[in-house]
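Consider the two complexes below, in which subunit A is the common component and subunit B and subunit C are the respective partners.
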Partner chain A sequence: MSKPIIATASLAGCFGCHMSILDIDDRILQLIELVEFNKSPIDDIKTFTKQCDIGIIEGGCCNSENVEVLKEFRKHCKILISLGECAIMGGLPAMRNGIPVKECLEEAYLNGPTVGLNAEKVMPNDAELPMILDKVYPLHEIVKIDYYLPGCPPRADLIWAAVVALVTGDELNIPYELVKFD
Partner chain B sequence: MKDRILNIVENFEKDPGRMMDILLEVQSEFGCVSHEAVSIIASALNVSEVDVTQTRSFYHFFTCQPVGKYAVYVNNSVVSCMKGMSEVVDEFEKVTGIKFGSKTQDGLISLHYTACIGMSDQEPAALINSVVFTELNREKVRKLVADMRAGKAVQEMFTELGDGINAHPLVKSMVKNNIRKAGPVTLGEYTVGKGLMKALGMDSKAVITEVKDSNLRGRGGAGFPTGMKWDFCSRESGDHYVLCNADEGEPGTFKDRVLLTERAHMLFEGMAIAGYAIGAKEGILYLRNEYAYLKAYMESVLTELRNKNILGKNIHGKGFDFDIRVQYGAGAYVCGEESALIESAEGKRGEPRNRPPFPVQKGYKNKPTIINNVETFCSAVKIIENGSAWYKAIGTPESAGTKLLSISGDCKLPGVYEIVWGMSIKEMLDMVGAENVQAVQVAGPSGICLPPSQFDRKIALEDLPTGGSMIVIGKNRDLLKDVVLNFMEFFADESCGSCVTCRSFNMILKNSIEKIVEGHGIKKNIDEMMAWSEILRKTTRCGLGQTSSNPITTTIKNFKELYDMRVKDVEYQSEFDMSKAVKDSCEVVGRPAIIHE
Partner chain C sequence: MSEIVKFTIDGKECQGKKGQLIVDAAADNGVYIPVLCHMRDLIPAGSCRICTTKVNGRYMAACTTPVDEGTVVENDTPELLDIRKAIVEMLFVEGNHFCPSCEKSGNCDLQALGYKYQMMAPRFPYAFERRELEASTPKIFLEKNRCIFCKRCVRVIKDDQGRSVFAFKGRGKTLQINIDKKLAANLSDEMAKKAMDICPVGAILRKEVGFVEPIGTKKYDHKPIGSDLKNIYQ
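Let's turn to the complex of A and B:
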């Protein structure tokens, strides 16, 4: 039987969740025995080249490109996992939710203390650029999500336990301290 | 400004416990409680700014930014919407040129929404600088705005006065009593002072026994035996307090408004009887700010009772001292919860306390306190006057006496009815002239939505308990959109935010019902809402969170077909709309929104 295929992406996130994936340390060697990677920053494959089994996504959706990537993942992956706070709830980027997007853009490009170089008061509007959404959306509001791994970032041991359980079909055994921090 | 605020603080003896009164006066005088005002108050009271801010920020009627010279608060509760609120809102926005939630450039008019103001029998209604305007329509709105622009005093913007005490020179309100049916107890015959006179001739323990024997149970809705509450409280040592809960905030309730208007003497007399029974010298009437139009009248009744020695020192020469002050709220539904009410009366945020200890043990100022509803105190007066046996003979074995109902919605005769417990819903509907009824919302949003198949059920504590709100919903209404969604918006707004589940689940439930109403719902959402409701009910501290999911759970139970019609039988459905989501940002930066689907 061929190995299960994993794809990953970071949308409106900080790549911290991906760093946490790398924190599985030497278990990455075992991981390579267990699975094959397709579209992912881990192997730098930019577009899907085949159907995948597991998609792992960090970050919520703050622009049109995020939405398109997310929808691609849903199309290509049997199972989709929201990885971390931003994917699950919007996280830090969602702090702009509740402030009109107009005010956010004006603060960023016209009025903020660091926009001195923008003498012509231009707001980025090239057709090549992704369009900004009215707010940051958690992934499950846009496509169906099968599993959620909480944390900021989720601990490496949690990611490892979840992926191994999914791949081997073994029961998922998560110790309390992997998901609760109180 | 500083001198004036210091003056206000001085008038309340620099007592941080009177924070509500201080903030109310500052708000009324300056149109807001600004940051600067907060600093002045804090240093004058010798408390931190945060202590002031936390109270200020909790209540709807305190604002940081100045409201308009005329601050218009339109009621957006369910009955107001049924009776044409959207037209009133539309007209206000059209004539003033501003949206709700904002103020005209010249600072003259500001438009706000507010929760039920206790006028469900004469909607759509609004408060303008605390003056009530009822039965509004487009024409009246145009006239009101013209009057505001002409600088007219708010009290002069209407000509017709209401009936009874509403026309009293100290009230001068257009509010109507709409008393449709008077019964033998609260709206029956009443002679001022008779009940108290009799009580003072009895031993205080005997007064409690009389109330106990009458089987009187709390009229706010929970139905706790009144005599037992008084008994528990009287056994505690130290100063005692009598509090009256007149924070009638349950949408669709307005019966206390009528008692406060027409039976103020009776209420204060009932509080004095309770004070005598439990050994209290001080009473507080906690009155919702929406009824502040009764302020001058309330004070005059208190003065009158003091002059008649029904309140004051050595009442009727029996060595009993008792006096009452009126504490106003500032717009917070949760303050109807007794421990939140106490917090508010102490000048703090209206957040419910953990119980035990119960208020009868540690209540106002941590002293033994009884809190009863307006109607309960009024009933107690008649019980003492006529005896427990007389009272007990009225009603059903488990629900003694009469109940005031506030009936509104789709019926010919909305108003206040004093009924004998045990009346069926069907009889009630005939009484109010309601036809083609889809449902009756019993006991307000936190109660149950009753389908016609259950209209033979009885209004009684053992079957359908109610604090008095009855909203008739006609067949022409969209039950989920017009009623359930409105109720959930209300609860999401009014949660004090202290319990995590109440703060977040009410919002989630509101969003879910909205999703279903808008046609994005799926079958699974119904089960999820039931599951979340159960968690919410079990994990919150006070009655708000324990009942706020009732609009959803009781309609899922009784009107499941309305949900099934609207949800799709698919595993997942997104309500995300890319073109809507990018519209604003594309406009701001000046680029076309090109969507590739």
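Let's turn to the complex of A and C:
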């Protein structure tokens, strides 16, 4: 039987959750025995080359590119996991959610104390840039998500336990200390 | 006055004083019923409903319902656990609860209930309402994003003439917690600490003493809420 295939991505996140994946330390050697990676920053494959079994996504959706990548993941992965607080509830980027986008952009590019280098007071307007959304959305408000791993970041042991349980089909027993929202 | 009555919680024989509130009587008998707004010896608010139990077959808030002879309380049933989980989820989506950036994380009762009921993600859509931070008083930050309207601070934190330092303003969707700036200016360190301690979330934070407790030493870091029945109401 071929190995299960994993894909990962970071949307509106800080890559801290991916760092936490690396925090499984030497178990990464067991991981590559257990699974194969496809599209992921871990092996630097940029686009899906085949259907995957597990998609792990960090970060919420703050722009149109995030939504596109998320929908690609849903199409290509049998199981989708929200990894970390940003994926589950928007996280720190979602702190802008009560504030209108116009106000945020004006603060960032026109009025804020650090806009000194932007002497011409230009807002980023290149056609190549993805459109920013009205607010940062949790992943499950855009596509169906199968599992959630909370934490900021989720503890490495939690990620390890969840992935191993999914791949082997064993029962998942998580100690109280491993599931935290911070 | 203090007539002893017998009642049951999930079939367990318990004893309490007639008229005693079910949450308090349960705690005296070693049974945990979750609370957010309730504090012992305080006039009940009954505002959070997390203590919803079935009393003689009907859904009741255990913090406002007294025990009587033969009262039958259901507490730990799958149905009630799901109702409580839904209440925790609703509180999470109603306010702006960013646990990673909150000083109270680890000491927060709401978060601890999220852990207890294994809330992985709320089943309801997030409201993300814009609320303000009131930082103009000398001792306290009032972070309205995190308030769950338990009314503990309104009921407990008073000045020497019995005037409440905190108060509600508005109704329904516009309800917010407010602080009286004049009274807050004279708040002692002791009262400021008490205000922060009784707040079940991170809405009231003390100034100048932030993040004193390291992660790993906080109240709910190793043991779930309800493990220590003597100290469940702070």
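Throughout what follows, the second predicted complex is superposed on the first by the 179 of 182 C-alpha atoms of A that agree within 3 Å, B and C clash if a C-alpha of one lies under 4 Å from a C-alpha of the other, contacts with A are read in each partner's own complex, and residues count from 1 in each chain.
Methods note: a contact is a pair of C-beta atoms (placed from the backbone, for glycine too) under 8 Å apart; a residue touches a chain by one contact, two chains touch by 3 or more.
Computed from a predicted model, the values in this text were never measured in an experiment.
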| item | value |
| --- | --- |
| Fit or clash - subunit C, subunit B, common subunit A | clash |
| Touched partner set for A:Lys46, first subunit B, second subunit C, both or neither | neither |
| Partner chain in contact with A:Glu141 - subunit B first, subunit C second, else both or neither | both |
| Touching partner for A:Leu133 - first (subunit B), second (subunit C), both, neither | first |
| Subunit B versus subunit C as contact partner of A:Tyr176, first or second or both or neither | second |
| Candidates 3-11, 21-29 or 57-65 of subunit B: the single one with C-alpha clashes against subunit C | 57-65 |
| Residues of subunit A contacting subunit B in one complex and subunit C in the other | 135, 141 |
| Contact footprint of subunit A on subunit B as seen in their complex | 571-572, 574-576, 578, 580-586, 588-596 |
| Residues of subunit A touching subunit C in the complex | 82, 85, 88-92, 94-95, 97-99, 135, 138, 140-141, 145, 147-150, 152, 176-177, 179-182 |
| Subunit A residues within the subunit B interface of the complex | 64, 67-68, 100-102, 105-106, 123-127, 131-135, 137, 141-144 |
| Partner subunit A, residues of subunit C touching it in the complex | 92, 96, 98-102, 105-106, 111, 114-115, 118, 120-122, 125-126, 128-131, 215, 221-224 |
